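Next up: the structures, one after another.
Note that chain A is present in both complexes that follow, paired respectively with chain B and with chain C.
Moving on to the complex of A and B:
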């Protein structure tokens, strides 16, 4: 799922710090704005915009964090509005809903663990590529 | 310029710049004409740690952005109450890098 690769160059101290911060960003925003999934994406997006002129290593990790947050937004938004509709409308609690919520929780916990792991390793200057997101980032982010 | 002078400058001002840019700055300073040394030597740079402290205390009013010279962003932050708190949090992580970039821009005006 998570592959450690050698980056095209050896990132500097401040570059590693910035790249690691892009992952921390989503975690901090998660605590600050737990019920609304879009806040995380916005926080990561603004961080990406702030670093769009940064070095390749920083931009690469900002893009990976942004992509992971984007898929989180889609999955979490469906879960969020489904729950709201059950609470406030005539929609009933079904097995499908419970199954979906379990999937959402599993996905969130996996993403949460992966983000913490990546933030720690990126801070040390290690280049960490995620399954699927890593390849996608390679396509989007060019040196 | 004399490499000893440049090394002395890097030693005392290195913390104001991104670590990966320090070597480029050193090379460019060595190529620089001796007449500009007095200008370079007397330049005042913003401390990234100070801007982080200001960001933590007055980030929601945009004071950190005013401090580093981003007046437009500062006003934007002030009017939106720190982007409803989100921008403030993002800036806690961005401000040190932004300060170092501003310092580099300032130095580049002389180089």
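Moving on to the complex of A and C:
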């Protein structure tokens, strides 16, 4: 699911720190604004915009962090609004809802673990590519 | 590009596969959710009924109780409704009103029985309230009005007094939204037809009370005042009844119904 590769060049200390921060942004946002899934996306988006003219290594990892947040936003938003409708509307708690929330939690936990692992390794200058997002980033982000 | 598409497809498939597998499990039973919600229902039902029975005399007359119980039994048996979960209460009051509370409590004011010209008219209102219970409208409405957390705090005794009074007013004096009322009417007509009770009597009851409400503006006609769009409802009931060839019957004789009303007048 996660593979470490040799990057096209050896990233410097400053680049590694910035690239690692792109993943930390989503984690900090997750802790700060847990109930609103859009906050995670916004945090990584702002970090991406701030670094869009940065070095290739930084841009690449900002893009991977941002793309992963897009898909998490989709599944988390469904879970969020489903929960809201149960609390405030006529929607009732059901096995379907519980099954969905467990699935969402599984995916979030996987993404959370991958984010921490990547943040640590990127800080050391190691290039980490995720399943699907890594290849997608390679298509979008060019040197 | 092909690899990205393949990996994306695998990820999406994995998500839906996990969801599908988890969907096969009855989480409500495993996590005992139904039991918890039933306990909340029971507790709320008790709280509201305790409150309402203080507002008027709880009529325990055996003739009245057995007459209304016969109607309820007929409706429940004909529609495979578990009668033991319906708790029918008759309260002495001039108000023409009836309403459902959590945990299957139905409160009927004596004013409504006196305003019903036949047992079929009363059965229509009863079926409407049973429908609210069967379709889980009572809890849905409470959750919508005050929120689940407030309801939970009421069952645990926290800040319950004022909220209990306010929500009791909501349950007894304001109608459900139009969609829920329409659903309850449609379900009530089904119950009536299966019980071989003419739904036209229910429509006529609404129509008659609407007219007397227009003429008199009586405050006591609570059930009509709080259930708007009477014309539309009457039309829908008649439409759903259609040209039914079923022969309708009476659960009680006219004499028994008249006798019930006579006794009620003495209260």
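FYI, the second predicted complex is superposed on the first by the 143 of 143 C-alpha atoms of A that agree within 3 Å, B and C clash if a C-alpha of one lies under 4 Å from a C-alpha of the other, contacts with A are read in each partner's own complex, and residues count from 1 in each chain.
Following the convention adopted for this analysis, a residue touches a chain if its C-beta (ideal position, glycine included) is under 8 Å from a C-beta of that chain, and two chains touch if they have at least 3 such contacts.
Nothing here was measured: the structure is a model prediction, and the numbers come from that model.
Asker: Report for A:21: first if it touches chain B alone, second if chain C alone, otherwise both or neither.
Answerer: first
Asker: Per the contact definition in the header, classify A:93: touching chain B only (first), chain C only (second), both, or neither.
Answerer: A:93 sits against chain C, while chain B stays out of touch.
Asker: By the touch definition at the top of the document, which applies to A:3: first (chain B), second (chain C), both, or neither?
Answerer: Touch status of A:3: no partner.
Asker: With the two complexes superposed on chain A, say which partner A:75 touches: chain B (first), chain C (second), both, or neither.
Answerer: So A:75 only meets chain C here.
Asker: For A:135, select first, second, both or neither according to whether it touches chain B, chain C, the two together, or no partner.
Answerer: The answer is second: A:135 touches chain C but not chain B.
Asker: Looking at the overlay, does A:113 come into contact with chain B only (first), chain C only (second), both, or neither?
Answerer: So A:113 meets neither chain B nor chain C here.
Asker: Once chain A of both complexes is superposed, is A:102 in touch with chain B (first), chain C (second), both, or neither?
Answerer: The answer is second: A:102 touches chain C but not chain B.
Asker: Per the contact definition, I'd like the list of chain B residues that touch chain A in the complex.
Answerer: The contact residues of chain B facing chain A are 18-20, 83, 85-87, 89-90, 93-94, 97-98, 100.
Asker: Which part of chain A faces chain B closely enough to touch in the complex?
Answerer: Contact set of chain A toward chain B: 11-15, 18, 21, 24-25, 28-29, 32-33, 39, 42-43, 46-47, 50-51, 54-55.
Asker: Which bits of chain A are touching chain C when the two form their complex?
Answerer: So the residues of chain A touching chain C come out as 71, 75, 86-90, 92-96, 98-100, 102-103, 106-107, 131-132, 135-136, 139.
Asker: Per the contact definition, I'd like the list of chain C residues that touch chain A in the complex.
Answerer: Against chain A, the touching part of chain C is residues 1, 3-4, 7-8, 10-11, 15, 18-19, 22-23, 25-28, 31, 33, 37, 136, 140, 143-144, 147-149.
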